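Should a chain be cited, it is by its letter among A, B, C and D, assigned in written order, with residues numbered from 1 in that chain.
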């Protein structure tokens, strides 16, 4: 687990180069919006872990142990893997002996880890709230789906259908179709093209098995009870 | 957010009423940027085919027959399927007898067709040029990848590795990581999360088999010779 | 070929009529080898749940609660879904209004559930033992992989790489290549072509999260300690 | 292209070690059934290309050029890649610096190429006939699907739904469910678990684009007209 002493916390404010015990670089910028990280090129960039934007003990119906493990192992592990992969890609690109289909094995892993990092950051950032959608946002969603209930019914149904495997449910704004829609996603590398995620729900079993076993619908209830709608509203 | 001027709205009503011979609704707006189509909710929206933004006979090394078939059958077919799927989703959502995993079968098809529609529109819009990247854009890409050659080498290598199957290569700007990167994509439903596509190359075999058989690298050469870099630059 | 003695046929009729409390039809035949179920055509066949071939409390390092939930919810749920899907396929096949890609949405679900049912039955049947491979089998595996250790190293490594998502590791005999090999499988619908599974390890998170959280390697240790090698030997 | 002189043909009869100009080891054993290839362990095995079991010019509605390219580039390329991958797996397994998820990138490619090799060999071996199913086989299929027409309707429908992308349709005997069924498969790495393929139809676009463009249904007609049913009957 990544634990930061008060001193390290303060150092971190000044330096993005802090490295946690398990070798994951860490920042203390828990804000929803990613800043800079640049300038970095596509092969040298190393991603820094974003801390949980809420107290892991504060959620209703989702245990501290579950949330900590999810953040540290699944999200943190993805950051570490993504950083490792980038070094390997740089080494391998210039190697004429590596067939393109072997290179693509690394690119596929990079895509999966990129999805995992990005979606997990969005997921944690849209948790930690009271689950009550502000009226203005409810109206926007109602316009986009006929009614707010139609939206919620579909979002939950997609989640239920993903129980027992991996996947994500995303409410996203498709920039090209100029449509706000719910999307089914099979894993970290699935995603609608050219779309800005607005609300994301992790349906991998690591998001609920520890607390709810196979009862995915109960997890979906808990997820809804903890939505941080203000963060969602800012993405729209 | 979706904002439509009154004028655009009225134009849209007219454009959307055209229907092409093969039953696909069609607009005359061949421009790169999607306008209108709104207001529509997620279940009622019907997408209109975007015409080819260039003369199909004008490409170097990619035949009129190939381009026409690609646009009409693969892209046009995806538009038609996507429109059909939306009606089915609307019918099915309210049906309590449909298990969520059956509903998700439709959502998965919707995701695939959405990817196909969006990526094909971006693909055709980044073809029809002279293949010469303007200096300013070359510099931006060089900064993001070390050198322009490093970018091109990786982009081509990913494409070569996809030969013989389905897939896309995308140069995209990952909004969350604030990184410009090349991505390997296995099919229409694969995509990096929260990413704006900048240059997209179709590697499905329907993009080249008619002209080049299994010789994917020759197709990649032809693709590069026809890149419309001005359209690419506007996306960055 | 399907050959049923008169006696087996009658037994089957009786067994298939039992229905467990959760609505899943159940047989009492817990044996490794599937008998009966036939004669049935591809659209009418209804699969009967195979009971756990060992006492759920008897495994070392895998809890009763985990095993029961895995068997009842993940395996049992797949049986139920597969039976539902077959009725839907029969209804839908004759419906000329259903586009082939919508029909394939059901076929895809059928494939996933078929894999889940078959692999879970093989998985439970190769658990419940003492984890000690008999000398003769060790020799066979050693011949096929250079050494027994090389086999185990690869089998475990594939499992470790699947931690945090879905997937299976399979030692299988590829009938066409006449090779005994380890295979990585991404989900229930992935599988080497024309291959007989010999030892299967479930790497979906539902196989370990409840007991081990994200610590997939500890689960792999527990799996190895409980392998029923006699069942494995019979499949070779 | 792989062309064998009469002399090489004769040498080949005696030696499986023949190597074609493009570096692919080749045998002349065009027979449906794979013989030995053993003894070889999982890491050292090198697969030899199986020649077309019919004259490429002899098919109805499928051109010599298409069939040659399909056999040489898609099937032959898969054999070559599979042989390369096995050497890489052997090198990489012992390398402690390679994370399991990177190793699995190679295992995934191996699975894809294994599927491609096996399914292509079965595909070519079930072509070259007159398309007329013998009465006994028609009866078996009719029993398994209600009617022979129900089987053919479903088999064709799955194929139509796969048009425009990658995939296979397989009539297979599921050993565990003791059921003869049609299966949808998304790519070379998809396959029903524990199933013996009986009739396989390649739906990758390289199987038809050259001759039929996007008209997948016309290709399916041509496929049916050339089925070698005797080979199919032997697999049942």
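Basically, a residue touches a chain if its C-beta (ideal position, glycine included) is under 8 Å from a C-beta of that chain, and two chains touch if they have at least 3 such contacts.
Note that the structure is predicted; figures quoted are calculated from it, not measured.
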item	value
Recurring contact interface, reference C-D, options B-D, B-C or A-B [over half identical by residue number]	A-B
Result of counting contacting C-beta pairs for A-C and A-D, higher pair	A-C
Self-contact between copies chain B and chain C, residue sets same or different by half	same
CA centroid of chain A to CA centroid of chain B, Å	25
Whole-Å gap between the CA centroids of chain A and chain D	40
CA centroid of chain A to CA centroid of chain C, Å	31
Residues of chain A whose C-beta touches two or more other chains	99, 101-102, 108, 188
Contact graph of the chains (line, ring, star, complete, other)	complete
Residues of chain D defined as touching chain B within the complex	65, 69, 73-74, 77, 164-166, 187-188, 204-206, 209-210, 213-214
Chain B to chain C touching residues, read off their complex	81, 84-85, 88, 99, 101-102, 105-106, 108-109
For the chain A and chain B complex, residues of the former touching the latter	34, 36-43, 45, 47, 93, 99-104, 107-108, 110-111, 114-115, 117-119, 121-122, 143-146, 150-151, 153-154, 157-163, 174-186, 188-197, 236
